[in-house]
C-alpha cells in the first residue's frame, strides 16, 4: 500500500514544520526523510493526530553505509553514514509508511561515541524491544529509552555486530571467537 | 509501647514481611518454547513482574545475509520459524521478487499457496499440542504430532526435507510436485476433517481447559496494536487484520479468487462457514482461549484454501518455470514486505546496492513483538498462568533471536 | 509360625518372634511393591494406548512387561546427587518418611475376611491419619532441596493435602455411620451378599458421596487434574526436582502405594470390599468358618475381589491423568472448600436422615416392621457389650 | 521402618503371649519411650530450626506408638492425626517459610542453657514425685469388657456411659457422659477458627515493593574489568525499576 498523494505530505508539513527534509515517492516503497531530532514529533503526529492513524510500528532498522573494500570505496557516491528506517502501519486504513533518518556513523565523528536519536517509546510501547535490538546490534543510542540494554547479545558483549567494520572478538569468557 | 520498642537497640527487627522472590523460569524450562528465560518476581504464588530474557538462540542471520546472494540466504530463513519454514521462504522470496519486479508463473503461485497453507496447518498443530502440554495434558500433544507427521511425509515427497525445506525460492520453486502427490494430499485432508472435531472436544470445550484459559492474559485491542502484535494473537483480540487480504499487492495477488473468511470475532460472532463449538460464557475477547480458538479456526480455513489451491494448480496448463539464477543481479534500492505467517506477520526488509549480494537484510519477527507484550499480560497473575499466557502467544525462539 | 520356629527349628524365643514379625511386614511390603511395579508398567501401557501408540514392547517379550524391572535397574544405577545448598539429613530422610507413611497404612487394610495385618477397631481412622503423614516427606523434600521450585511444589502440596483431608474425612464418616464401626473388616462384612448390599447403592446420598470421595482421594494422592506438586509445566518437577536415582524411586513408590491404598479404601468402604458383585462363596454354601481349605479358598476369592476393585480404581486414576489438563492451585483450593466440603456435609446429613427414616434401608423397611432391625453396635441383645438383658430390648427401641 | 515396628507392636499386643523369656510389651514400651524422650532432647539441642521441627514429628510419632502399645487405638490414631498430621504440618510449614538465612540457626547463649536446664530438672522432679505417689491403678470395673473399642468413647461423648455403668445400673441412668465438655470444646474450636480466618485475611500489598534487582547474573570478577568499557555508558536505572511510568 503506498502512501497516497502528496496531499498527506502537505498536512504533515503544516502540522510539524521543518521536519521532513527529503522524499522519494517513485521508489518501490516511497519514503520520506525526517530530521533525526524531530523524529518523535513526526511519529507522535502520525500516531495520534494524523487523519490516517499509524497506530502500529512494524519495524526499526539501522543500515550502516560504509564501504570497507578500498577498491569499491572509490566508486561510491555517498558519504559513510548510518540510516534509520522506520516502517509504520495503520490498522484502520491498512496503509504503510516508511520514515528514514540519516545519522553520522559516530557521534561528532569520534569512534566509540554512539550516534544518538530520540526514542519513540513514548509513542508506541512496542518500540521498546525494537530499539533495544538496534542498539544491541548496530550501536545507536536512543535517548529517553526507559531501559536501554543489550537484548540479543550477552550483557557484557563488546562491539556492535551489524556494523560493517565490526571485528569478532578473539575470545569471550575463554570461548575462542575466531 | 511500640514507640519504646523502636529505640531499644537489643531488639533486632527482621523484615519478615512477605518478601518477594526472584525466580528463574528457563532457559532450560520444560514449558518455555525453546530457550526463553523468564525472570519472575513473585510474592508467594502471585507474579508481580515478568521480564523475558531472549538471545539464547541468536545466530545473527542478518550479518550472514550481507555476505550471501539472495538465493543462498533461503536456508537461513528456514531456520527462523522452523515450524513454518515454507512461509519463511515465501516471505523472503516475495521480498526479493518485489524489489526485482519479477512475476512468477501462475502455476507456481497456486503451488505456493497450496504448500504454505499446508505448512500453516502443521504449525498450528504444534501450537495446539504444545499449549495442551503447558496446561498439563499430554495426550493432545501426541495426537497433534501424529497428524503433523502425515503433512511432513507429504513435504518430504515434494521437496525431500521434513523441517527446513528451502522449497520455495526466489523466482518460483525448486521442483514440481511428484505424480500422485495431490491424491495423497486429498486423502490426508479427508481423514483430517473429523479429527479436528475430536481436538475441539479434547481441548477447546474441555471444562478444565476453559477454566485455565478463559479470562486469563486478556489483551485489549489498543495494547495489541501498540505492541505491533500480529496474526492469531492480534485476531484473538478482535482486530480484523489478515495480510493475505490486506497485505501488499504482490502477496494478495496470490490469493486472488480464493474464497476465505478471516478467522476473527466480527460483531460478536466467529465465521460460521463450518460448525465450530460455541464460545464459553466466561471467555473474554482477547484472552488465552480466544487466541487458541482463532488458531483452531485457521486450521479449518487453511484446509479449505488447500483444496481450492489443489483444484487451481491442477487446472492451469503452463510450465512451473525455473527459479532465478543463483547470482541474479538485483536493482539498487530497498523493499519491505510482510506476509501472513502462522505466528503472525513476518516482514523482510532488503536493501540492495545493485549486486547479487544484498547490502543489508532485516527480518521483522512476529513472535518478537508478540512476546514483548508478555510482561504486560502476566502482571498480577499466578505462576501457573505464566506458561498458559506465554503458550497462548505461540512463540518460536528461532524466529525471535534470528 | 513363631511356635513352629521355636519348637522345630529351635530358634531362641526372641529371635523367632522377630522373624515372624519381619516376615509379616515383608509380606505386606511386597504386596505393595509388586503392585507398584505392575502399576508402573500399566501406566506406561495405558498412556500409550490413550495416546494412540503401543507403549513399551521390547523389554521382555511382546508386551514389554519387564519394563518396570528395567526402570528399577535404571533408577538403581543412576547417581544419587544432592544439591550443595541442600540440608543433608532432611534431603536424605524425606523420601523414606513419605515411603513409610504411605506403606504404614497397609497394616490396617484387610485384604480378605481376616487377612489383615493388624485388625484395628479404628481401622479407617488410622488409615486416614497415616495418609496425612505422607505430606511430611514432600514438605521436607521441598525445603531440603534448597531450590525455589521445590519450595513452591512443597507449599502447594502441603496446602492441598491438608485441606483435602477435611472432605475426605467427611466422606469416610458415612460408611462408618452405616456400618456402625470404624473397623474395616466390619464395614466390609456388612456389605456382604449381592451387589445391592454395597454401600454405593445403599441410598442416593452415599452414591453422591462416593464420587466426592473419589475426587478428594485423587486430590489427596496428588494425581490427575490435581497434581500441582509436581506440575512439570510450571514447577519443572515440583518437590522432587533435585532427586534422582533411588531416592526419586521412593517417592514414586510412595505415590503408587498411596494410589493403591486410596482405591482399596474406596473398594472397602463403598464397593463391598472382598464381597464380589455375585456372592459366589455363599451360593456354593461355603463361608469363612467351614473348614480350613474351604475357608482359605473363600478368603482367596475375597482377596481377588478386593485386589480387582483396587486395581480398577488405580486404572481409572491413570485414565484420568492422561486425558485431563491440570487445575491451578487456587481452583484446586476452591473446589475443595466451595464444592467438596459442602457437598460432603450435605450428603452426610442426608445419609443420616435416611438412616433414621429407614433404618434397614429402603426395601427391607417396606417389608419388615421397624422394631426388630438389628443394631450391631448398640448394647442390645448380643450387642458388643454383655449387659444384663432385663431392659435391653427397651434400649434397642429408644434410640435405633 | 515405622511399619515394621508397628507390625511387631501389633502382634505383640493382640496375640495371647506365651510366657516367654522376653516380655515384648516392655521391650516396645522402652523402645518407644526412648525414641520419644531422645528426640525431645534432640529438639532442644538442635540448632537448625527445620531439624527441630522434624525431631518433634518423630517424638510425637513415638508417643502415638505408646498409645497404640497401651491398647488405646483411638487416642493413638487421634494423636497421629491431630498432632502429627495437623499441628506439626502447620508448624513445619511456618518454620519452612520463615527459615531464611538469619533465622535458620538459633543458638542459645551459655547462660540460657543453664537456666533452661534447671527449669527442666525441676519439672522432671515434680512429675516423678507425682507419678510415684499414685495408688496402684484401679482394676477394670467388673462387667466391663476390656476390649479396646472406639464405640464406648463415642457413646460417652454423646452422653451415654456404656463402658462403666458403676455397679451394674442400666446404662442410661443418671451417670451423664461427657456431652457438656464435648460441646464446650467444639464451640471453643469454632471461635478459634473464626479468629484465625480473620487474622489471616489476605493483606496483599497494593504496589510491589521496589527492591534492588540482580535480574541478570553478574559476570565473574575476572571479566568485570574486561567489560568495564561497556559498563559506564549505561545511564538509565536498574533493570526492572527505572523510568517505568
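Chains: A, B, C and D, in written order; residue numbering restarts at 1 for each.
Definition applied: a residue touches a chain if its C-beta (ideal position, glycine included) is under 8 Å from a C-beta of that chain, and two chains touch if they have at least 3 such contacts.
As the structure is a prediction and not an experimental result, all values here were calculated from the model.
Peer 1: What shortest step count links chain C and chain D in the network of chain contacts?
Peer 2: Between chain C and chain D, the shortest chain-hopping route counts 1.
Peer 1: What chain is the most remote from chain B, judged by the mean position of CA atoms in each chain?
Peer 2: With centres defined by C-alpha atoms, farthest from chain B sits D.
Peer 1: How big is the gap, in whole Å, between where the Cα atoms of chain B centre and where those of chain C centre?
Peer 2: Between these chains, centre-to-centre, one finds 47 Å.
Peer 1: So what's the Cα centroid distance for chain A and chain C, whole Å?
Peer 2: Between these chains, centre-to-centre, one finds 67 Å.
Peer 1: What whole-number Å value describes the gap between the mean CA coordinates of chain B and chain D?
Peer 2: Those two chain centres are 54 Å apart.
Peer 1: For chain A and chain B, let me know how many angstrom lie between their CA-based centres, rounded off.
Peer 2: Each chain's C-alpha centroid was found; their separation is 26 Å.
Peer 1: Which residues belonging to chain C are in contact with no fewer than two other chains?
Peer 2: Answer for chain C, listing residues that touch two or more other chains: there are none.
Peer 1: Can you tell me which positions in chain A touch chain B when the two form their complex?
Peer 2: 1, 27-29, 55-59, 61, 63-64, 85, 87, 91, 94, 96, 98, 124-126, 128-129, 133, 137, 150-154, 161-162, 166
Peer 1: Applying the document's contact rule, which stretches of chain D touch chain C when the two form their complex?
Peer 2: Interface residues on the chain D side: 1-4, 6-8, 10-12, 14, 18, 20-22, 24, 48, 50-51, 54, 57, 73-74, 76-78, 80-81, 84-86, 88-90, 92-93, 96-97, 99, 143, 145, 147-152, 162-163, 165, 168, 170-172.
Peer 1: Residue numbers of chain C touching chain B in their complex, please.
Peer 2: The touching residues are 47, 50-53, 148-149, 152, 225, 227-228, 231-236, 322-331.
Peer 1: For chain B, which residues are in contact with chain C within the complex?
Peer 2: Within the complex, chain B contacts chain C at residues 21, 23, 29-31, 45, 132-139, 142-143, 146, 202-203, 206, 208-209, 211-212, 382-387.
Peer 1: Quick check: in the complex, which residue numbers of chain B touch chain A?
Peer 2: For chain B paired with chain A, touching residues are 54-55, 58, 60, 62-63, 98-99, 101, 222, 225-228, 239, 241, 246, 248, 333-336, 338, 345, 347, 349, 351, 359-360, 362, 364, 368-369, 372-373, 401-402.
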